[in-house]
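Going by the order they are written in, the chains are A, B, C, D, E and F; count residues from 1 in each one.
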Amino acid sequence: MNMTLTRRYRFAASHRLHADALSEEENRKLYGKCNNPFGHGHDYVLEVTVEGVPDASGQIADRAALDGVVREQVLSRLDHMNLNQDLPEFQTRVPTTENLATWIEKMLLERWDLRARLARLRIAETDRNAFELETAK
Amino acid sequence: MNMTLTRRYRFAASHRLHADALSEEENRKLYGKCNNPFGHGHDYVLEVTVEGVPDASGQIADRAALDGVVREQVLSRLDHMNLNQDLPEFQTRVPTTENLATWIEKMLLERWDLRARLARLRIAETDRNAFELETAK
Amino acid sequence: MNMTLTRRYRFAASHRLHADALSEEENRKLYGKCNNPFGHGHDYVLEVTVEGVPDASGQIADRAALDGVVREQVLSRLDHMNLNQDLPEFQTRVPTTENLATWIEKMLLERWDLRARLARLRIAETDRNAFELETAK
Amino acid sequence: MNMTLTRRYRFAASHRLHADALSEEENRKLYGKCNNPFGHGHDYVLEVTVEGVPDASGQIADRAALDGVVREQVLSRLDHMNLNQDLPEFQTRVPTTENLATWIEKMLLERWDLRARLARLRIAETDRNAFELETAK
Amino acid sequence: MNMTLTRRYRFAASHRLHADALSEEENRKLYGKCNNPFGHGHDYVLEVTVEGVPDASGQIADRAALDGVVREQVLSRLDHMNLNQDLPEFQTRVPTTENLATWIEKMLLERWDLRARLARLRIAETDRNAFELETAK
Amino acid sequence: MNMTLTRRYRFAASHRLHADALSEEENRKLYGKCNNPFGHGHDYVLEVTVEGVPDASGQIADRAALDGVVREQVLSRLDHMNLNQDLPEFQTRVPTTENLATWIEKMLLERWDLRARLARLRIAETDRNAFELETAK
């Protein structure tokens, strides 16, 4: 019987939303306060959901292995970082949470060696805003 | 790649659960304390989920546009209101959270002009109770 | 050694803020949306703090006794009620959370028979608003 | 129109993760701190989701009936219990939250007499860990 | 009878902890990840507590007046800002939450015209970290 | 100017409330479900508050030093443990949260070498129950 396990992680990061292809005014109109020149920050909450069938140990995934891949591939690159300046990816793409979600999915799949399938990512940017991505089967 | 954005809103309202077609006793049995004559209230938490593909701005929906339609169509009519007496809709229908959810969906779809699709509504009546509605594709 | 125990309770109620001595316009200006004629509601969170010294049982207060007095004196009168219409107290006083707090304190002290002292009341009206009252020693 | 209602319940329980078929060292490696001999505990949060169509009362399920079956079949057996020693089921199976979820589903379906369908169970073991199970249609 | 009202506000900001008087290595040792060159961010939660006696309106403070002074003096200067670069104050002082708290207190007292006394400030930097400051009577 | 810093920690533990000096029946009456023979568990939330004056680094306490003493003296002894069986202290005293609080205070003060004063401990046993202890000046 299929089941999911969701684990919750946190990281603090700063970013600025700004598209180089647009004028200053268009950027301000499009991104509002998020376009402020020196950036601002959030305590992001990342939820990683894996899906599988419990094995003989009664678990669908080894918690330590899951934490390891998330820490190594994602948290170590994002926590206490400035997304625009510390991540090569976001020097040319706008670090919206949508784009951050697809980047996190790519980073996790690059080294995914768990028996359970990566099923879903959810990133809450603030307590009023969350983004969710189903991973293709 | 499809993704969802969920935004969270709050409104305080009062209501009384009472079906005119039923006797006093049947109402009390059916709705319990929620049938108390003068009504009671809740701080409702409304989550609106939209689904789409990020555009060139890296966003699946303009946050301000989404907030605008929710505020104009829903919050301005519900916040600090008595559902039974301030809303024509609930003078003849019981303002259960189930019925409130379908009404909110109707109000949003009436003026929906976002590129992203309205995918899901979730209303938490209290911290122990939540209702969810998937919008038909 | 003195210590406190805080227990958390919830009740849903509706109210309308309106002072009979003021004009309609003054009421609207003073209480804003809270003056809406038919009332609105909240899920109040009440925290009751008692202070004392642990006895031989290792406890400063019997949890069941504390729950009993709070339920009997307070929750049974407030939960799922309309403060203005169901409580004699608030037919002549405005049911602001400040006035509600002093009423709850009075109700608890009327039948207080716990060894521990009632030390503090805290009422959160919404998740952005809380009121606190220290009980006189 | 289909809709879901999710109600949230809590229970406190203790458990120890230990598979009899494995050596002491394998158990320690597999379950980490959760293998500590005398057990440890959690405040589990159980969310039960039912799915249905609102009836004439404006409700997809009677709240009291749902609470009754959850309390009788599940909470009364789990709250303030030691899963390994108080539940026959977990004298031979490891009480991981995965196994607990399938047991709760079985217990609920055994006496399910609500019009609404049991759609989903979610158990949060801690605030960083949650398990979800879709009930087969 | 004295009572307090606490209102909760939120702002997102970025900062970098770095003391100019110290060497690079001393800074890294002292502030850890918070010294990362390009800064990082948080969703700060600010709680402002005022103390007073309810007046004839049943309130110890006008909610709109309190929100106004907090918004004008504090939130408008901090929300979506980079503390080090957007605030003159923090070009020479380290923007720790301790220093931020004393700055917020100073800003509020500069224009405080409420009848109720500013009693306490609380700033949560993350959900694991909070700072509190009692205002001198 | 004095200020406090509160840091939040979590640990999962199990316990049984039982006083050897009392009869089986007295124990059941006194502790209710908490007297169940095999114990039950909680996810405790511990908040440690220190008080002091910010130094040249803009901090009242070094976060890493505080985390270190809490981890070494308290969390390493409590997390994933059975309080009655794994802690010598609670083989003769009842592990109520009141007694746990005084034990944690003693453990912290035994090795306290921070410049800031230990001011307060708060232990939430569940989300409806919290205990607070002011440390003597």
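Convention: a residue touches a chain if its C-beta (ideal position, glycine included) is under 8 Å from a C-beta of that chain, and two chains touch if they have at least 3 such contacts.
All values reported here derive from a predicted model rather than from experimental measurement.
Matching B-C against the pairs in E-F, B-D or A-E identifies A-E as its interface repeat (over half of contact pairs the same by residue number). In whole angstrom, the spacing between the mean C-alpha positions of chain D and chain F is 28. We define each chain's centre as the mean of its Cα atoms; on that basis chain A and chain F are separated by 34 Å. One inter-chain figure worth recording: chain B and chain F are separated by 42 Å, centre to centre, where each centre is the mean of the chain's CA atoms.
Counting partner chains per residue, chain E has residues 127 touching two or more of them. Contact topology of the protein chains: irregular, matching none of line, ring, star or complete. This structure has the following touching chain pairs: A-B, A-D, A-E, B-C, B-D, C-E, C-F, D-F, E-F. Those residues of chain A lying in contact with chain E across their complex are 10, 12-15, 33-34, 36, 38-43, 79-82, 84-86, 126-127.
Residues 17, 19, 21, 30-32, 93-96, 98-99, 101-102, 127-134 of chain F are the ones touching chain C in the complex. Listing the residues of chain C that touch chain F in their complex gives 1-9, 49, 54, 56-60, 62-64.
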